[in-house]
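Should a chain be cited, it is by its letter among A, B, C, D and E, assigned in written order, with residues numbered from 1 in that chain.
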Amino acid sequence: MLAAIRRPTFDDLNLSTGKRARLHRLMYEHGPGNGTLMLLPIDQGLEHGPIDFFDNPDALDTDWVLRLAVEGKFSGIAYHIGLAEKYHKNYAGKVPLLLKINGKTNVPSDDNSFSPLTSSVEDAVRLGADAVGYTLYVGSPAQDRDLAQANDVRRECEKYGMPLVVWAYPRGSAIKAKGGQDSIYAVDYAARVATEIGADIIKLNVPHYEADKAAASPKPYNTLALSEEEGLRKVVKSAGRSLVLVSGGSKISDDDTLHKARLAMECGCVGLIFGRNMWQRNWDDAIGMSNRMHEVMKGYGQ
Amino acid sequence: MLAAIRRPTFDDLNLSTGKRARLHRLMYEHGPGNGTLMLLPIDQGLEHGPIDFFDNPDALDTDWVLRLAVEGKFSGIAYHIGLAEKYHKNYAGKVPLLLKINGKTNVPSDDNSFSPLTSSVEDAVRLGADAVGYTLYVGSPAQDRDLAQANDVRRECEKYGMPLVVWAYPRGSAIKAKGGQDSIYAVDYAARVATEIGADIIKLNVPHYEADKAAASPKPYNTLALSEEEGLRKVVKSAGRSLVLVSGGSKISDDDTLHKARLAMECGCVGLIFGRNMWQRNWDDAIGMSNRMHEVMKGYGQ
Amino acid sequence: MLAAIRRPTFDDLNLSTGKRARLHRLMYEHGPGNGTLMLLPIDQGLEHGPIDFFDNPDALDTDWVLRLAVEGKFSGIAYHIGLAEKYHKNYAGKVPLLLKINGKTNVPSDDNSFSPLTSSVEDAVRLGADAVGYTLYVGSPAQDRDLAQANDVRRECEKYGMPLVVWAYPRGSAIKAKGGQDSIYAVDYAARVATEIGADIIKLNVPHYEADKAAASPKPYNTLALSEEEGLRKVVKSAGRSLVLVSGGSKISDDDTLHKARLAMECGCVGLIFGRNMWQRNWDDAIGMSNRMHEVMKGYGQ
Amino acid sequence: MLAAIRRPTFDDLNLSTGKRARLHRLMYEHGPGNGTLMLLPIDQGLEHGPIDFFDNPDALDTDWVLRLAVEGKFSGIAYHIGLAEKYHKNYAGKVPLLLKINGKTNVPSDDNSFSPLTSSVEDAVRLGADAVGYTLYVGSPAQDRDLAQANDVRRECEKYGMPLVVWAYPRGSAIKAKGGQDSIYAVDYAARVATEIGADIIKLNVPHYEADKAAASPKPYNTLALSEEEGLRKVVKSAGRSLVLVSGGSKISDDDTLHKARLAMECGCVGLIFGRNMWQRNWDDAIGMSNRMHEVMKGYGQ
Amino acid sequence: MLAAIRRPTFDDLNLSTGKRARLHRLMYEHGPGNGTLMLLPIDQGLEHGPIDFFDNPDALDTDWVLRLAVEGKFSGIAYHIGLAEKYHKNYAGKVPLLLKINGKTNVPSDDNSFSPLTSSVEDAVRLGADAVGYTLYVGSPAQDRDLAQANDVRRECEKYGMPLVVWAYPRGSAIKAKGGQDSIYAVDYAARVATEIGADIIKLNVPHYEADKAAASPKPYNTLALSEEEGLRKVVKSAGRSLVLVSGGSKISDDDTLHKARLAMECGCVGLIFGRNMWQRNWDDAIGMSNRMHEVMKGYGQ
């Protein structure tokens, strides 16, 4: 491994007082509490449907997931307005809320991916949330509407002092044609776009080099055969002064999950946002895994 | 039959005072009055045209349907602004109004289904309504506009304390290609989307397994051969803390209608929203059927 | 002929004070003055172009048409803002104004018919109008925008106490494919949609059964061989408590014109809105015809 | 020549005080000053690009064109906001400003012609303009947006007392298919649409009969072989009480230019709006031509 | 070389007090300080992705670019909101901010190029910016939305006294078909459009004559074989009283860079906006080059 990277500080992010107070709650008052983040997302019901709950039907009960968030000492839970309104009341103060404010189903083609708003920054304020989450489909032919909508959200965040977490996802027909959504080209570009438009925190997938797919990417990405770690360091750098979270993606083995957690922290990420890798486990396994992730995070306080 | 399921309570729904007062009227002050719902919808004139009134031309006179709502002791009647403005005056206080606030004709193709607003939450407040109804076409390529419009409606509902009933209908070309609008995959996804975006109550069709159609659904739905009851229990669970209403759909036999009513209640639904199965009968049959449905509902007070 | 039908009363329509005052002027203070309506539309210059004025070039001068409206004792004149602003001044108080607030040319294909606003309900208030007219293209693939725009207009009408007259026209590619715009299926559906969305008065064409075209309509319309009178009675019934006006359409013979007038009144319509059948005649013929129509209307006071 | 036609008066136009004051400046305080108009348009840089300035490069300097407007005693100059902001300051009070408030380039296909706003009626007020100009592409498939935008502009004009000059241009794929933009059918329809939507003044091209093109127009235009003068009189009549300006179009000979000027005035137009026919000449020729046009206008005071 | 051209003055631009104060800071208080401009753009991360930082990875750190802006004595730095919020704080007062307020990725096809807003003129005011930058894709089939959005931006600029710099880029399928984005036809048209819609300063590429491409341009551009200098003088003239900046484009040799700088100033441009040609060099080269550019600018004070 290379030397760990210094992450951007609150001063680097030039945060307003409100953003600073809220991010402080997420980073220093909950979860590992040492400036790292362990977020638990549960927006897959909208994005993928109940399909994701077949492996662990307990997770279909959002209350179970909230108990996991509390007992697993997560920094926050990320979900949509419908769940936040109906389930968060009993957990207010116990686990911070990151309100996911846009989304879509995966039923129609994703060639022109775009996620409309399902709630607003004002809803987040009303519910006492400490951040909002916004999905930006970088490179989608619908970027016209997406960047404009993201701009509206950013301005509301600025107005209310609400930290903005951007799910920076390369997506759409042109991304498919240029190496795919996990290519280094695509993730690197997504990281940069998110920071250019004002994300405080960026959620990214670990980029993945596949020679045959990369061949379709623009030079020099078409031959940029980076290792997983080199790739992640590169995109973290492209994210500039925005903090980076690594997505968990679909469920992987325990070892792979922990490897991904360590990799993220070594590469300068601020933390993890693992959903299916957490709540697709049964209770004991999920608690066990969160404990092991806390162990990892201890090494990266800042 | 399996054991009956406990339905979400007002506390579970975390209702505002206004929503609580209005839902109380629907659930405890009218209809069965024991926390169940028997709603009478009459929006088919817009959705299907006068075609639905051929079997019982009396129902073309909305006043006849309102008399049925009152004498059949329904929990509420659901219709559009034009009928509500011109017919509800004489029934105000006698049967609660659920204002259906969006809709469309079925003349053009439904590949990109979308229902624009025909009235507003403010109209509902003005007319003394106790809920609004919103049709969401889950999985339609027009979901961009639909989710955004639903978000606007939800915020207005929050603002005015108006309960939001979502007609969660899988629809559009992609749904057709993945097993159809009555498939377990489609109804299950629809139930979940509606709860994620903030429905207080969700209107669903009973999902139906057909092997050849299901084969087009994503795994594991493609082989999920659930019985009618298992299917409905599943989607009720996916609806989380939102209450579920079962649609009547097109007219069926008396036995089938009562079977569907019992099925709904056994599976944890809060009630029924049967239109054509009520007003496509003549007066005596309709009153007889509503009485028999009241008998069924008695067993599910809560 | 069957027995004449009782028309909806002001109480049936549940009119606000403003709407009642304005409709009273149209129905009891001008024209026949007995609760029937004889309206003179002159919006064809926008809808069809100057082509409609070739038969009687005098009508190209809107002032001529206004004189006809006054001397022919019409209940009101319907036109667009441009003509209303420049010609109505001298006739204010002499003939009521129905401001037609949306329209389009017929130059491009009407497969996706939609009429944008050319003026507003506020303009109607400012000009002292007693009603507004709105064209709704029922069944058009553009119904998304049309229903939404109609909703905005309805709310403005509610706000200002302005009666809403809906030109309910079946139109667009799907209507063509299902039997055409004059089919009983299409006109019946249009009547119902207009009442569901809140029309006070609905302008309809007399539906027409043609076996070969009807064959493309949904059951049972495909074999519903109604006479002209049966067809019109049917659509008047589908219009519920909205009042119905019969359109004149393109110019027909004197006998046919009077036949249509009597037919309309026998079938329960509130009146006539004949344009080309009036102003495509020379002055004496036009005045003569309006007198004969007044004779017809006398029998239908209410 | 037939007898000259009486033009609509300020009373005919039923002008508000603000519109009257501003039109008075254009018609009686500048230019010929006898109720006729000689306008100088210089919006071709946006509509056609710098191509139009090759014949007389001096005109690329807008200041040169303004000097021509002053020394040629024009009634007003018509241009876009960018030029008005940077060049009109030194000419304020010397030549009235007609702010052209929408436009487009001719680079993409004009099948769906539409001109978005480049400025607003409020800008016109701020700059002391005496009128605004709006291009309406009559018959374009984009008429939905165009008529709606024109309606917004008209309402602003009403609000601020700003005269509305409509460039009524038939355009788009359907116009091409029905005889072309200069056909009598097309220009006649355009004149009528502009007056129906509330133009105070309408800018038209002289319609032109070409047998082979006209054959594609609807009856009776397909065989309406009118002379230039008959055609122009017809469209002036279709414009009703709106005043008509004749466009100059691309550069023509001196004799043809003067012929067109006389033709316009004989046919009842209020004046001329010749751009390329003026500023594509060198200074002396341009001044000479404007003097000769003034001579023509003398005969048509009113 | 021909004689240098006098550039438009503040009086020529008819600037408001606010625009004058801000442009004064850019032109006389920073950079060369003699009325010329040397701007450093760093918006390529959004427009092209991190690809542009491969040649000099230091530039991926925006702080490095800001240090270059300060030590290279640039007149201002141009970037998007995300970078401005997080990096400009420490450089406020040291180097003026030009906030680039719209942009897009280059992932999807550019046939219908359009850049949505990523921030606003209000953000620029809040951040103490001295100008905003707006990309207008001249000739794109999306010009409808682009011109309308530019109009909104212009009005905000007028309201707040914020200078408007338009990146006037010919783009889209029709431009490709008519000779390409660097053709004299395209750049000349772009320059004119930008000034017509109210740009204070216009950023242009040096037009380039290629016989085979030009053949597709409209007459007389199809045979207008201008030298680089003649071409640039032509487009500067078409820009009228708007000031012109020359883009650097992709990296070229030192000699070519200096040649382009001199060419720009000789042809009447107000300055340079070279990004990749500056920050794709290492520190010493970049500082050296900026010093040499300052030498060039000395000769063009005004």
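Just a few scattered comments:
Keep in mind that, in the parts below, contacts are C-beta pairs under 8 Å (C-beta built on N, C-alpha and C of every residue); 3 or more make two chains touch, one makes a residue touch a chain.
Worth saying up front: this structure is predicted, and the values here are computed from it rather than measured.
With steps allowed only between chains in touch, the distance from chain A over to chain E comes to 1. Listed by label, the chains touching chain B and chain E alike are A. Between the Cα centres of chain C and chain E there is a gap of 57 Å.
In chain B, the residues that reach two or more other chains under the touch definition are 145.
Remark: ring traversal beginning at chain D, heading first to chain E, gives the chain order D, E, A, B, C.
By the touch criterion given at the top, residues 8, 12-14, 138-141, 143-145, 147-148, 150-151, 154-155, 158, 170, 172-175, 178, 185, 188-189, 191-199, 218-221, 234, 237-238, 240-242 of chain B touch chain A in their complex.
Put simply, chain E touches chain A in their complex at residues 43, 45-46, 49-51, 53-54, 60-62, 79-83, 85-87, 89, 103-105, 107-109, 114, 116-120, 123, 145.
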